[in-house]
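Each chain gets a letter, A, B, C, D and E, in the order it is written, and its residues are counted from 1.
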Amino acid sequence: MIINNTIPVLLGLMMIMAAFVAIYHKKLPVAIIAAGTISLLASILYLFLAAPDVAMTEASIGSGLSTIIFFYVLNKIRKENGTQ
Amino acid sequence: MISPIHIITLTLGTAFFIGLLKKLNLNISALLMLVAIAAAGTISASWFTAILSGAANAEVFTAGFNPPYSINLLMGKGEALITLLINLAGFLGGVYLLKSLKERGIYTMIIYLVFIMSLNVIVMTRDIFNLFVFMEVASIGIAGLVILDKSSKATQAGFKYLIATGVIAGILLIGIAFTYYFAGTLNIDVIQQASIINFKAGSIAVFLVIISIILELKPFPANGWGIDVYEGANPGIGAMISAASASAMLFVLYKLAVLVPESFLQIITAIGILTFVGSNLMGIKQSNANRLLGYSSIGQIGLLTAIVGLKPFLGAQFELIAVSILISHFFAKAGLFWLSGIVKKQNLKDWAMLRQKPYLLVLFGIFIFALIGFPPFPSFLGKWELIMKLAHSHHFYILAFILIGSFLEGIYLFRWLGFSIKMEDANLPPLTVHWNKIIPVVLSALGVLGSGIYFGTITEIAASLKYIPLLFIALLYVIDFLPVYVKNTVSIAGIGYYLYTIYPDLEGFKLIFGLIFLAGGMLTLVAGYFKTGTRKGFYPLVMLMFAGLVGLIEAHTTFEFFFAWELMTAGSYFLIIRGKKSMTHALSYMLFSLAGAYLILAGFGLAHIGQSSYALDILASVQSFAPLVFILLAIGFMTKTASVGLHIWLPGAHAEAETDVSPMVSAILLKAGVFGLILLMLNMGSQFIGSFNIYYALAWIGAITAVMGNMMAAFQEDAKRLLAYSSVGFLGYILFGLSFMSHLGWLAAVSLSVVHFMFKTLLFLAIGGIVYRVKTKEMYKMGGLIKKMPFTFISVLMGIIVIAGVPPLTGFGGKWILYNAVLEKGWFFPSALVFFAGIVAFLYCFRLIHTVFLGQLKDEHREVKEAPFWLLLPQYMILMVIMLFSALPNSLLKPIGAMLAPIFPEGALEWQGQLAKSGFGYWNGQVIMYIVGGIFVVVFAWLWYMNRNAQKVKQFNIGYSAERPSLPETTHFAYNFFAPYKKALGFLVSPLITNFWDSASEGVHAISDKVRRIYNGNVQTYAFHILAFIVVVYLIIF
Amino acid sequence: MDFGFKHILYALLTVFIVLNYGLILQGIVRKIGARVGRRYGIRWYQPYIDIIKNYAKRSTITHGVMFYIAPVFRLTGGIGLLLFMPVIFGSEIFSNFSFAGDLVLVLYFQFFGVLGMALGAAEGGHPYSAIGVSRGLSQVTAFELPLTLGVLAIAMQYQTLNITEIVAAQQGGFLSWTLFTNPFATIAIMFSFLGAMGRSPFDVVLAPQEIPIGPPTEFHSGLLGVLQLNRAIFPAAKLILFMNLLFGGATSWPELVVKTFLIYMWSVFVGTVFPRFRVDQSVRWFLVVPLTIAIIAIILIRF
Amino acid sequence: MVRNSFRLIILVGLLVIFSTLVWSFNGNNELNSLAQFYTQQENIEAVNAANLVSAVVVTYRGFDTLGEVTILFLTASIIGFFLKKKLSDTQRKEVRESSDILVTASKILVPVMILFGVYVIINGHLTPGGGFQGGAIIASAMVLALLANPHMKFNHQLFNVLESISGVSFVLMGIAGIVYAGGFLDNRILPGGEVGTLISAGAIPLIYIFIGLKVGSELSNIVGNLQVTQNEQ
Amino acid sequence: MEYISMITGFLLVLLGLWGVLTQKNIIKIIIGFSIFDTGLHIVLVSIAYLRGGTAPVIDKAVKVTEAIEKVVDPVPHALVLTAIVIGLGVTALMLVYALKLYQNKKTLEVQSFNDLKW
């Protein structure tokens, strides 16, 4: 049973740390990547919770697409800033 | 019947379909959108009518499995009505936004259509997760629609909206998750059976669900984001949010209230009331139109939330109250937002543009009156029932807060109406109205009026109302283009006919006051002939006031009485605001009468505890709180008789009103308050708080009003204000007489009120004629008009002799009876004040006649003509009546005495011919008249004969001590006429009361300003408010 | 109480007697004033001469109808006050038309004269008459309040407003006069009597020195004659009123003459001793001293 | 600093609420009645989709998915409407050419990802996954292609048409459910087949395909809008 | 097992909210918001967990008949599926708003966007 629980605990701790990084880090790209890793870890956690569908969704949409959209918007903001 | 699911398939299908044909020109896709919404509307309408006529509720099982296992939609009576309203608003909103939707491309149409669909689903779904999903659809839809204008304010509002609804949705999701965990299902009915609220955690889960629904309804402390959306969004969208989405969310709260234990309901009511009062309080300080509408709609929704919370206490009336207030809020708010879209000006003062198109002003008025809850509109009925039920279930604090809240709302709405009617609109841009913008506004106005009438017919208490006067007003409104004399004759004939029909069943006080109202009304209307042109909009308003007055006379139930009271207030408000500089006065008049009306409403509410019928004579058998009921009603009526504390609206209102309006308002309208007091005193008899007799207090109030009124009158420079204050004083007299509750006291009061009507109309018409000719109201600018206007002089002379109570004329009779009544009753100190007031009355009488008529005639008035004939005619008709009553006093006093006999048997006057004998003295009007007349004629004739061939000398032909006065003005002593008197007793007249009321309104404004500071525009503070609200309410409940 | 023709004759007789009494009283009082000032003073019948002289003259100019109304109102007020009061208690002849009106009527009659005077004088078009009138009105209203309250106290004491009954109640020795049964009311009324008479402390209205051309000087010849006639009747009528109320009325003419003369002497004494008040001072004085006494009187009556 | 302490207090308050919830949460050692219904044999056979979650997502709670799809549709149109750039900055900036590693890798990866996405969509009812996941994978494939050569311009027109067709057909499938089978979005309008085979579970695969297409096109639309700098045609 | 995941879920929720409330930069707020969302989904899924349960898919390992004992509760999974996509939609929309706000005021500081107040 111990093995069974150690990995989720590890996952949980890593997620909390990633969350702190995401909130408090000064540079935005690092924060966005931290948010991405949180949802990645979450999808792994879902596997432990016997929820494969949700894991796939979380992986593809949560970490994949939202991070991409974040970066695109960041890129556009940088471009706005650059042109002025 | 088409299954309700097709509301969704139709709208969603069309949305996808529009997306498909991007290339199509915009008109067709717009048309498709409107057709889809209209179809959805007809479906819900058909279901509504079917269910109303007894069909069973429609149950839709999606995915072929029965409810707990798959999502089901219910189309009951409530759902049908709310979906009908939403689709109606959607359709009208669509028509309104047609132009801007087409400009912005088909995406916005899709968003709009999907938004309407999501609201329909929210109302119909019975599954909480499904509710969550479609609430998300709705909030994203609104976020999308808010940025229709693409302005920076709209984007900020959209962003705030998204963050706030995101957090709320998150909390809702947690609530749903744990409700599912504890109840094992997501269907509302099954959760209810599972009754998970018995143990703590389950009730927390339900708490989270309910609190997030309440947060969606923008409760007071946590609604900064809601108000910013109303301000930032395009008004068309604002209308949709405040009308459609608010009613949807309210219905959801009503649906979920079933799951909630009793203690939650009280919290919901408390939150609702707090929102209602708080947002109305903050509304006072607003100057931006949309933001003000935001505050007002959040307030109304707060009221409706409170009503949902009070469901167990309202019993069978719950539907009526909730639906009537919801419908009036729905139509009025949507209409106002659309209007603000048309006006496009945000500053309240710029709404004077509405005057460029009078029908817009009428619509604006309709919406304001619908919101406040004036008679013909449904919310009047709703508020009445609500107050009755609340009083019945002893929720006095809630009752008080609701009344205070609606009073605060009255302040800023009427101020706004005043701006639009009165502010000068010289430099405002021209108003262009497109067809698609005006049709929704007109339809919503018709909607609110139609539903008002409909509600009137179906409820039994309102069925007995008399609608004939209202039809007559509508007729007058139709023929408004005709010239004055036609309309004048029509209205006089109308009143005359109506008086003829109701005359037989008038008896006692109803007869006297009926005659004052109707016959007096006809008399003052006769004066209306002197005006030329069409005088647009005047006659319907006059008739509205008289309809209200007549309604008072004919009222059998308290409801009818209150219905008539509100009609009268509305009519007189519009009459007063017609004056040139009368905006502030009309506003203070309306606010005082509004407060008075709410006191009366509260009084009637308390009187109804433990009573079955609404008949007026239940006042006689009030079980509990009798003294409190008496005080409430008395103060309510006294706002109309302008007693000492509540009089500051009167001088301005009467002075600024038009020539023939001031006599109506002053002589007739104040009698409504007297009639109310008489009715109250007749039914409730003498009331005591502990050992103290309230009537003694009333006597003191009457006496102080008399002294204060007359003193103020003596020092006025403006003629009409002088007369206005004299009315205040004289009504203090009447109130003093009434408070004796003795035969003589009432005889004096009633005869004085009849006499007051006569001489006040006389004087106001006379002064009106002078002001009409001399173009100024300041008395010191007049002088020596006796030569130019002799007839007016005679009527004013007779008038002041009657006021002063100098023996030969009828005024003395009233004073004599009052004297005897005082001796009989023995209240000496208030009587001392009243005698002092009587004497001071003499002062302002003389000042009026001296400064206006006597003394030197000014140069510019050399060619002033006599007052117009039509003003003089009613004056001389009244003069005849006064002469009749003076010569034969018992023709007035005997009938009143006979009428009073059954009420106050002992202490009556016995009549021997013209000689009246009272307990103490006697008075024979006729003999006095003959003797005085005889001496007068003899001496006058003798003097006339002695100087018959004296040469007439012009007034200015005077020299004294070898010096000739240079200018006529310098020799007319009129300014600050009673200077020495003012030096001696000036301190009595210091404007204590006006200062008190000013500082009170300053205080309210200051509080409102401080409170609204909590919305500092930062989205984080709004999110903080939301979370703090959840934690605080949690701590309260658990 | 039938309104027979003989009543009118009796009334005219009363008016004639009181007129002569008034004129003589005026003459004597002015003589006393002169003698106090160590002057010889006018003949006692001087007022007769003035009236006859004035009526002989004819006025050449007139300011219009209202101008006539002033003296007419004034005189009607004076005669009216007299006629509605029982002059000689007990005698059916001299009780005039007191059956038609009571104390309240008599009180308000005083206003009648003042109103008329005000209207007429203002019509004269002369600014100073208006100033005089405004002062007169302020003063009249000031002393009216204590008078009314005092009268109210008396009415409460005797439980009636009918003057004849009040006088009847005071018969039986001077101890039963209101002076003794209700002293405070009497003091209050006597103070306001000073204001009513218009003699020196409160004569700013008519005082010749105050306004060189006050209302009286505005009228001349016949009009002045009527005014002087009233100046004879009006004070006499007031004296009779106060006598009836406070000093037990008169059962015979000599008793009436003595009592009224003594009452009049009260205002003369006060007049010659005290300097003249400004209008606001007199208003303040009236609403302080006599008013409090009148209120005390009422309190005493009530409990 | 004071403001943060207020916020801390409020969050602690929330923590108290959540902890009471967690405290009473003691897991569940056997399914509740609703879950048992879905997992009973005859019900699985009724819908006979191997992947129970897909069964619940598409049929039992199909209405939610409808809502779900409208949300994405709504977001795509809002972003489309909102980001319609004016012609202000139309000059083509020179865009840094993406590194050749990325170009070559994308040439290999993009087709594989699209294939994988299609696989996930089609086997939605058998293996974990479905319309949403497959659509997202296809969208990320599109993004990768976009990153590889920035000048590639999406044919927005195609995506919109694709999106709308799948949306309309999804609704039509729902209506068909009413006409032929028990209720709106009922999947028994097509033969059930037997659990585990490719052609089984009635209309679920069909619906999943439409959803997959719709999600894929919408997400790539969104990304496309973000990417495109000059005004779309 | 499900305890740990629920606790982490709620901690993520609180951290997310803390990020939303305290961070000044708008993008940081949106990141906080997406963390808040992820936390919610974890809580929702951990409610579905059955001790020793397997994935709710009928395949060789899980026969149709004994599915009822072994399978985890599929309903929350369906709900989470929808919730994740909603989360994506809302976050995408917020980001676009953030972009627009940036274009207006050329700053991402949240205080500078308070034209609508009082």
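The criterion applied here is as follows: a contact is a pair of C-beta atoms (placed from the backbone, for glycine too) under 8 Å apart; a residue touches a chain by one contact, two chains touch by 3 or more.
In this text, all values refer to a predicted model and were calculated from it rather than measured experimentally.
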* **For chain B, the least number of touch steps when starting out from chain A** => 2
* Give the chain pair, either B-D or B-E, that is connected by more C-beta contacts. => B-D
* State, to the nearest whole Å, the distance from the C-alpha centre of chain C to the C-alpha centre of chain E. => 101
* Structure fact -> Per the C-alpha means, the centres of chain D and chain E lie apart by a whole-Å value of 15
* Structure fact -> Rounded to the nearest Å, the gap between Cα centres of chain A and chain E is 11
* Could you state the distance in Å from the CA-based centre of chain A to that of chain C? -> 108
* Asked: Which residue numbers or ranges of chain D touch two or more of the other chains?
  -> 7, 10-11, 14, 18, 25, 28, 32, 34, 38, 51, 53, 60-61, 64, 67-68, 71, 74-75, 78, 82, 128, 130, 132, 222, 226
* **Residue numbers of chain B (touch at least two other chains)** => 129, 133, 136, 140, 143-144, 147, 174, 178, 181, 186, 1024, 1027
* Asked: Between which chains does touch occur?
  -> A-D, A-E, B-C, B-D, B-E, D-E
* What residues on chain A touch chain D, complex-wise? -> 52-53, 55-57, 60-61, 64-65, 68-69, 72-73, 76, 79, 83
* Asked: Across the complex, what residues on chain D touch chain E?
  -> 4, 7, 10-11, 14-15, 18, 22, 25, 27-32, 34-36, 38-41, 44-45, 50-53, 55-57, 60-61, 64-65, 67-68, 71-72, 74-75, 78-79, 82-83, 126-128, 130, 132, 195-196, 215, 222, 226
* Structure fact -> Per the touch rule, the chain D residues reaching chain A in their complex are 51, 53-54, 89, 120, 128-130, 132-133, 136-137, 139-140, 143, 219, 222-223, 226-227, 229
* To do: Show which residues of chain E lie in contact with chain D when the two form their complex.
  => 2-3, 6-7, 10, 13-14, 17-18, 21-22, 47, 49-51, 55-59, 64-65, 67-69, 71, 73-75, 77-79, 81-82, 85-86, 89-90, 92-93, 96, 99-100
* Asked: Can you list the chain B residues touching chain D in their complex?
  -> 3, 5, 8-9, 12-13, 15-17, 19-20, 22, 60-65, 68-71, 104-105, 107-108, 110-111, 114, 117-118, 121, 125, 127, 129-130, 133-134, 136-137, 140-141, 143-144, 147, 150, 174, 178, 181, 184-186, 199-201, 204-205, 208, 1024, 1027-1028, 1030-1031, 1034-1035
